[in-house]
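Each structure below is given as structure tokens.
Both complexes below contain chain A, partnered by chain B and then by chain C.
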Partner chain A sequence: MNLGKILPILVFLPLAVGFVLLFLPNKIKFLSKALALIISVIAFALGIRIFSLGQLDYSFPVLQIGNVNLELLLSAKPLGAFILMFAMGFGLLITLYSLKVHAIHNTNIYYGAILLTIGGSAGILLSNHLLFLLIFWEMVTASLYLLITTGGKNSNFAATKSFAMIGASDAAFLLGILMVWALSGTFVISEIAKGPVATTSSIPIIAFLLLLTAAITKAGALPLHTWLPTSGEYAPVSVMALLPAALDKLLGIYLLVIIVREIFVLKSAALGVVLAFIGAATIIIAVMVAMVQHNLKKLLSYHAISQVGYMVLGIATGTPVGIAGAIFHMLNNAIYKCCLFLCGGAVEQQAGTPELDKLGGLGKKMPITFITCLIAALSISGIPPFNGFVSKWMVYQGIIQMGTSAQAGGAAKLWPIWFTCAMFGSALTLASFVKLIHSTFLSRLPEELKDVKEVSPLQTGPMIVLASLCVFLGIFYHVPLKYFIYPALDIEPGTAIFGTWASGLATLLLVAGIIIGGLILAVSLLSRKVRIVPTWTCGEVQTNDQMRISGTHFYKTVSSMGGLRQLYTGQEKGHFDTYNQSGRLGLALTEFLRWLHSGILPVYLTWVTLGLLIVLFIVCKIW
Partner chain B sequence: MSVPLPVFVAIPLVTAFLLPVFAKRGKAVATVLANLATISLLVLAIASIGQSRVYEVGRWSIPLGINLVLDGLSSLLLLAISVVSTAAMFFSIRYMEQYTARAKYLSLFLLMVAGMNGVVLSGDIFNLFVFLEIASLASYALVGFGCGHEELEASFKYMVLGSIGSIFILFAVALVYGNTGSLNMAYISEAIQSNGLNPGLTFALGLFIVGFGLKAALVPFHAWLPDAHPSAPAPISAMLSGILIKTLGVYALARVVFNIFGISLATGWLLLTFGIVGMLVGAFMAFGQWDLKRLLAYSSISQVGYVMLGIGLGGLIIAKDGNLAWASLAILGGLFHLLNHAVYKSLLFLTSGSIQMSTGTRQLREMGGLAEKLPVTRATCTVASAAIAGIPPFSGFWSKLILVIASVQAGYYWVAAIIVFVSLCTLIMYLKVQRYVFLGELPENLQEITENRGSMLVAMVSLACLCVLMGLLLTPGLRASIFAPAVKVLVDGVSYSANVIGM
Partner chain C sequence: MGAVFEGKDKEMTQALQNLFWILIFPGFVFTVCLGLVASWIVRKVSSLVQWRVGPPFFQPFYDVVKLMGKEVLIPEEAQQTVFKAAPVVGLAGVLLLSTMLWRITIDPTRLFVGDIIVAIYLMVLPSLALILGSSASASPHAAVGTSREMKLVMGYELSLVLAFIVVIIKSGGQLSLAAIAQQTPVFSISGLLAFLAALLCVQAKLGFVPFDMAEAETELASGALIEYSGALLAVWKVMQAMMLVALPLFLVMVFLGGFTGALWAGIAKYVLVLVLLILIKNTNPRVRIDQAMKFFWFYCGVVLVAAVILAIIGNSYGINWL
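Let's look at the complex of A and B:
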């Protein structure tokens, strides 16, 4: 039997079932849950199988229009297969987690769209034909829209905005693909890769920028990121964990790698700077905005943007270690960000609100959520020995290597700037997670949340799996690098050695440090005498229970700093939002046209007369 | 099976004059008869796919007699007309219960169908005009069918502008007759080929373009459409937007420009420009609308622009002596979009009718959260929106893809960019529809509404299935029998005359 046949099964089985689920009447909820679970298990199993089998190909001629050959070409290449395995894994985890989520309106559309997402992502990662890649890409966009709409009454704006913005980038994608086709004469990626398009003249550069737009919009990098926080606020958290946090990153960065490595050869120094600038700006700006957020989900969404910056920056370095670091960071980010969103979702579900002001002290009530969230938070902040540290470390190495290497490019000369942004961004990430952990899990428990309980095992399960992956991939980082990432990028294991980071020893030392610190704390707590008295404020005595420091204002000093304050208010009002600005422009044009359409018959007759004159002028050649 | 061509006109015409006999008592009989007529037309249209022949009325051979010509382009249009009219007629069974004078409605409807079929089949330019007037007059009456203030105003505007278009066409027909001595399209074409164009004929060509442009609602001749299409009852809006503007406008224009006069650089550019301007103006106007049917009407202007763009681009490539395969691709895109638009726009108007019947309003701001109350309408409307916005794998994606590929291939990158941009605008306007109609909060006064049942659902669901499946028309077998002959008619241009006279 030809093993290549399992490729289309993995793509079209979830798509077909998902499509049918969308139209099922609302009464049969059980069926859609069961089907979604079964299919996602099958998809995960097939994903692992495909990765273990190595190179597989499948082709099926679909259409021949003119000289355009639309052939379904699926092939499992190392990079795609490795990402595929993880993508299917995320799909399964989220399906499991969703079974117990109550905040979903319209269950059938939700599970149908989850399956469409799974099938579509598989299609993107396996597709070797650019047009099919685009088709699957748009299916994932459409299913994100459907998923956001299941968030209830207020999600309609977020869904519309997301679809409009990603739809715009999909349009750019289509144009870009066709320009690549016009330049290289084929849609097949592996054919293009034999003689990539050199970005030396304007048409290839435009094509590159169009494809770049598609990749960074999906991944959520500046300046086309604004759909992400809006949907973060209103969509069900499981949706955010699945798409914007995990799969959209995998797909967007996958596309970026394909563009940079297989479709184009970057010959223009300016493009390198553009790419690195997008990366660095995304890291810093998004994290600055994240610091001052009051809403748990929105804060996480801004971090989901900020982390993309590291991946883009890593790819922009063009060095093997930088690209490997970017891919590794993509995987790590998907893991911890997914975990963070799931924790956030658990908190919101049990406490009934995602507002940091109203949360607090949940650490004791929800210990598993707390621990997993803490691990993921340390990971995202780049604290050793967790996985986020390793990949960030690799990206730093990549930047330094680019700066010190002999290659003279614009981006290479500016390396200290990129480096500073990356480091500083990491510090700010830590700062903002200190705020999150404090105000959700540590500070005093509000009266209303006394009865909060831990979520069900179906929900803690995925969180535990993801948190343990954070630890595992951090300590044994050699494993994923050696088995997944170096083969996927054709890097000789020896060439990409970076720093001397002995994770085993360092972990032992860290653990020892923590134990010693704990001992010191315990001793000092025991030996010191503490007196607890009510708080006395201006003659009023207040009970200690009322004294809460919620943590939402930790960084108020930053946001009220001169210069920054104006920027923050502008951001809050949407002045820097591409969606709002282009919407305003479009409406202005519409208003003008409406003014022309006055509804008065003689005016319309005048138009007809003018039109007639123009037509006669052109047809009868009266000039 | 070879279908006698006059049947396409005779069935609806005879039924139309028969129906008023049933008056008030026999409403049910009249409805059944009218549906039988449209269904039989659908069957005949499907049976005549891939055939081409000439029928001489009364055995009077041309140029003395009148002839009916069935070729690829006609049979494509016949198919589109019969699909849309069958669905709209079936939808009317339940929808028209809110109106009186059922028999009159049905006979006007069938008169319109007879007129359109006649336009498509006519091989004679004066008969084309006559059938065009039959269809137009029926549509003026149907737009004002509600007899409300708005409907009558819209109908009046439509009638004034439509009559101006008809007069231009009639004037052009007279000029052509005076200059070539024939009314038969094949003979006119032959005369033009042998004698060349004189100023009178070019003037006639200009008048034809404006006249048919008025019927096709090309910008700037579109002003009647946004009033007329929303005012008509929903199934009629579906007919008008779905098929009438294409038959009376796009088809007739393409026939005259390509087959009679022969495409030239100037006319090619003109059609392409009309297409692009229409796409942009229609899309931007549609954004700003808060009346559901008005939004759909402006979107029709934008979508007809796509069809014109495809045909115009193909014509331009032919006129430049470019690669004929590229021209065929562009025209294929245009014609495929014509068929797709006929299906999904009529579906959208039918769903708007279903929404209006349930909620009693067309204003987007007065609706919201209808997804739970009207699940089938929501599903079908979403499918149609996805199709018109060009989301794969729905039908609209494929036709737009072909158009984009054709324009990139011919080197018109900017045209490709405009197509993609307008496609994005279309996506955004239908997201607006979804957002305000089906998502969000259900207003207090709409808590009690229920889904419509019966014939309306059947019509909507079957058109929605077509939207999903129409991408399959591109598969080699179906493409060869449906689109290839139609594309060939336009690409072959003036050799139409030789084909018809030789047949």
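Let's look at the complex of A and C:
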């Protein structure tokens, strides 16, 4: 039996069903929900099956023009298959969560686009042919557009912005692919990998930069990240959890790894510095912006950008531990980020607003959301023993190893900069999540939110699954490394990591410490009465609202610091937004063209005469 | 690292050993006793500086015992679980850090729990616990304390990272604490600068003057800890005492060559660091939070960048005193 047949099934079944769902009338919502659920379960099952089967291949000749052979080549390679399994898992969790989300307009388009995303991602991760990879890549871009528009009011603007930015990067992708084809003579990735293109002259370097643009735009690294916060503000949160938080990271970083390891050999020191610089700058700048946000969803979106920096930086180190750390961080980030967005969505749905200064004290009303959000927040801030810590720790080791190795190149010489950005970025991440946790779940409950209740089990379920994964992957980090990441990258287990982190023992000791402390408390709390008292206000009588200090102004000290203040105001006005700036450039250009096309005949005649004169001069060589 | 994955029997005996370490020596009992002694030293030396007599030797013990017997008050608006769990988690974090550092000091040949990066991250746990606990207490004073404590962490973390880069350059990319404790970076210009900056960071981590703005008695009425009382406050006090053991020891290991020589020399180094901290505490007024952040980011930052550059130059040309 040819097992390879399940590869196209996984790709085309969701695509076909998703396509049909797009055109269903909006009245039969039940059908689209049921179909989406069934297909995503099948996709997840197939994903696991493909991962467990190992190497699989499938080919189907589509057409041949001259010496360009367009053949649908699907193959399950270790890296792709492992990411595929998790991508399908995210698809299933989000579909489950979405069943109870109220804020979706156009249910059928939503579920159709989710299935298109699932199928498209499977296609990207399985494609062995660059042109097909591009086609599936575009499908995911298009379905992101559709998904953002289901957010209702104002979401069209965000959807357009995302589509414009990612679409433009996809054009760069196409150009890059053609250049790679011209250089190596084939579109098949496994063929190119036999003799990767060396980045020694200008053409390969340009091709590399073009492909890099596509990868980092999808993943959301600086400077092409601005679609992410805008869509974060207007799209349904479940969409943010599925695409920008989880799948876009998986796909973007997957492409980056393919580019760096299979298509090109990085021979130029400058490219290494560029890559590391993008990583370090993304970490620091995005987290600095995230810190001062007042909107829950926007804050989370900026963190979705900041975390990409660790992955790019890890890959830029070029050391086994760094790259393995980057891939592990990609997985961890997808897990906790997805969880955070789902928690944010739950809060928005129940409290009716994502504005931090209107929230507070929800920890008592939504305990499950609070605990899962806290775990995910600690993971993203790299607090041991959660998963985010392990992958960051591996990236740090990669940086140190790169910096202290014998043949230190351009990027290696600057390792203290990358290291500082990465570690300091982690502290800033903690800071902004302290703000989030404080103003959403702790602090005081506003009067308007007295009747808030926990969300349904269909929504807490995915959050619990993701939060437990954060804990599991953190404590037993050897398991994912051994079974997923080392085989995917061809690294001999036990050779990469040179630091020490006995996570199991540490957790055991932490638990022992908590038990000791707990016993001390218990003895004292049980032997004496505990009295519940009103908050102590030094004798002043104050209303709840006066005593409620939201976390929104926690970091005003930072944003009003001399030097940083100007940067923050500039950022708020959109001066550093590539989309805005290119928009302005386009406007100026059309203004100029409009000015030329004044509709006055004599002016046109003058232009024509001038042009003729110039042609005449050139032709007759009169100078 | 492999310790977790060996045979079942060995695992059991090792688990028992680990339990002994965490419970008695060098874990809970030892660290708490030493910490309370250290906090007595802090109070005694402070009083000597201020021409007072100071408390008797057992005063810190009496304080904790007395607090344990007091009634516990919990604000009605508080998130009770976090409010109660925070001091315990903070205690567990410091306990793990202290056990790890002492274990590596006693037996440098064996790897235990983690390396220097792990240590840096474990040091964040107590501050984080304090932040979450005070935030959960739903008091406006505590909220201000929360934000100040977090900003302080943000401030000194940059300096701390830069200081450790100097150490890592000096150690040639070694991460294990035992290997780092073999050398004394403080006998070089860059190492000395890094040590001084790290000392100030530890000052801030301990919440000592001039960086005690999170608990500022005068304006916030002990801010972050305002709503804590009885046994809960006792656990915080014990945790702070334990930090007096772990953090100076960490400085001794990373910058001053640890306990590699004679035992008395090691103890002398620890006391030296402690006395330095106390003197800084007693000769400075409290600064504002924005001043503290500017100090750590700009002044310490510039000095440390210079130290890193010196260390790189020294390392690549083999000049050890740079």
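In this section, the second predicted complex is superposed on the first by the 565 of 623 C-alpha atoms of A that agree within 3 Å, B and C clash if a C-alpha of one lies under 4 Å from a C-alpha of the other, contacts with A are read in each partner's own complex, and residues count from 1 in each chain.
Heads up, the rule we're going with is that a contact is a pair of C-beta atoms (placed from the backbone, for glycine too) under 8 Å apart; a residue touches a chain by one contact, two chains touch by 3 or more.
Computed from a predicted model, the values in this text were never measured in an experiment.
S.K.: Is A:Leu585 touching the first partner chain B, the second partner chain C, both, or neither of them?
M.R.: neither
S.K.: Examine A:Pro416 and indicate which partner it touches, taking first as chain B and second as chain C; both and neither are also allowed.
M.R.: Touch partner of A:Pro416: chain C, not chain B.
S.K.: Of the partners chain B and chain C, which touch A:Gly363 in the superposed model: first, second, both, neither?
M.R.: It touches chain C, and chain B stays clear.
S.K.: Can A:Ile532 be said to touch chain B (first), chain C (second), both, or neither?
M.R.: second
S.K.: Based on the superposed arrangement, let me know which partner A:Phe23 touches: chain B (first), chain C (second), both, or neither?
M.R.: A:Phe23 contacts chain B only, not chain C.
S.K.: Tell me which partner A:Leu53 touches in the superposition: chain B (first), chain C (second), both or neither.
M.R.: A:Leu53 contacts neither chain B nor chain C.
S.K.: Which touches a greater number of chain A residues, chain B or chain C?
M.R.: The partner making contact with more of chain A's residues is C.
S.K.: Please indicate which partner A:Ser524 is in contact with in the superposed arrangement: first for chain B, second for chain C, both, or neither.
M.R.: A:Ser524 sits against chain C, while chain B stays out of touch.
S.K.: Once the shared chain is lined up, is A:Ala45 touching chain B (first), chain C (second), both, or neither of them?
M.R.: Neither partner.
S.K.: For the complex, give me every residue of chain A touching chain C.
M.R.: Touching chain C: residues 361, 363-364, 367, 370, 382-384, 389, 393, 396-397, 400-401, 403-404, 416, 419-420, 423-424, 427-428, 430-431, 434-435, 437-438, 441-445, 478, 497-502, 504-506, 508-514, 516-518, 520-521, 524-525, 528-538, 546-549, 551, 554-555, 557-558, 561 of chain A.
S.K.: Any idea which chain B residues touch chain A in the complex?
M.R.: 157, 160-161, 164, 168, 199, 202-203, 205-207, 209-210, 213-214, 220-221, 223-224, 226-227, 266-267, 269-270, 281, 284-285, 287-288, 325-326, 328-329, 332, 369, 371-372, 375, 379, 386, 389, 391-393, 397, 401-402, 404-406, 408-409, 413, 416-417, 420-421, 423-425, 427-428, 431-432, 434-435, 439-441, 474-476
S.K.: Provide the residue numbers of chain A that touch chain B in the complex, in ascending order.
M.R.: 22-23, 25-26, 63-68, 106, 131, 134-135, 138-139, 142, 149, 153, 155-157, 159-160, 163-164, 167-168, 171-172, 174-175, 178-179, 181-182, 203, 586-587, 589-591, 593-594, 597, 599, 601, 603-605, 607-608, 610-612, 615-616, 618-621
S.K.: Over in the complex, which chain C residues touch chain A? Could you list them?
M.R.: 1, 3-5, 15, 18-19, 22-23, 28, 68-77, 79, 81-82, 84, 87-89, 91-93, 95-96, 99, 111-115, 117-118, 120-122, 124-125, 128, 131-132, 135-140, 143-144, 146-147, 150-151, 153-154, 157-158, 161-162, 165, 168-169, 172-173, 175-176, 221, 226-227, 230-232, 234-235, 289-290, 293-294, 308, 312
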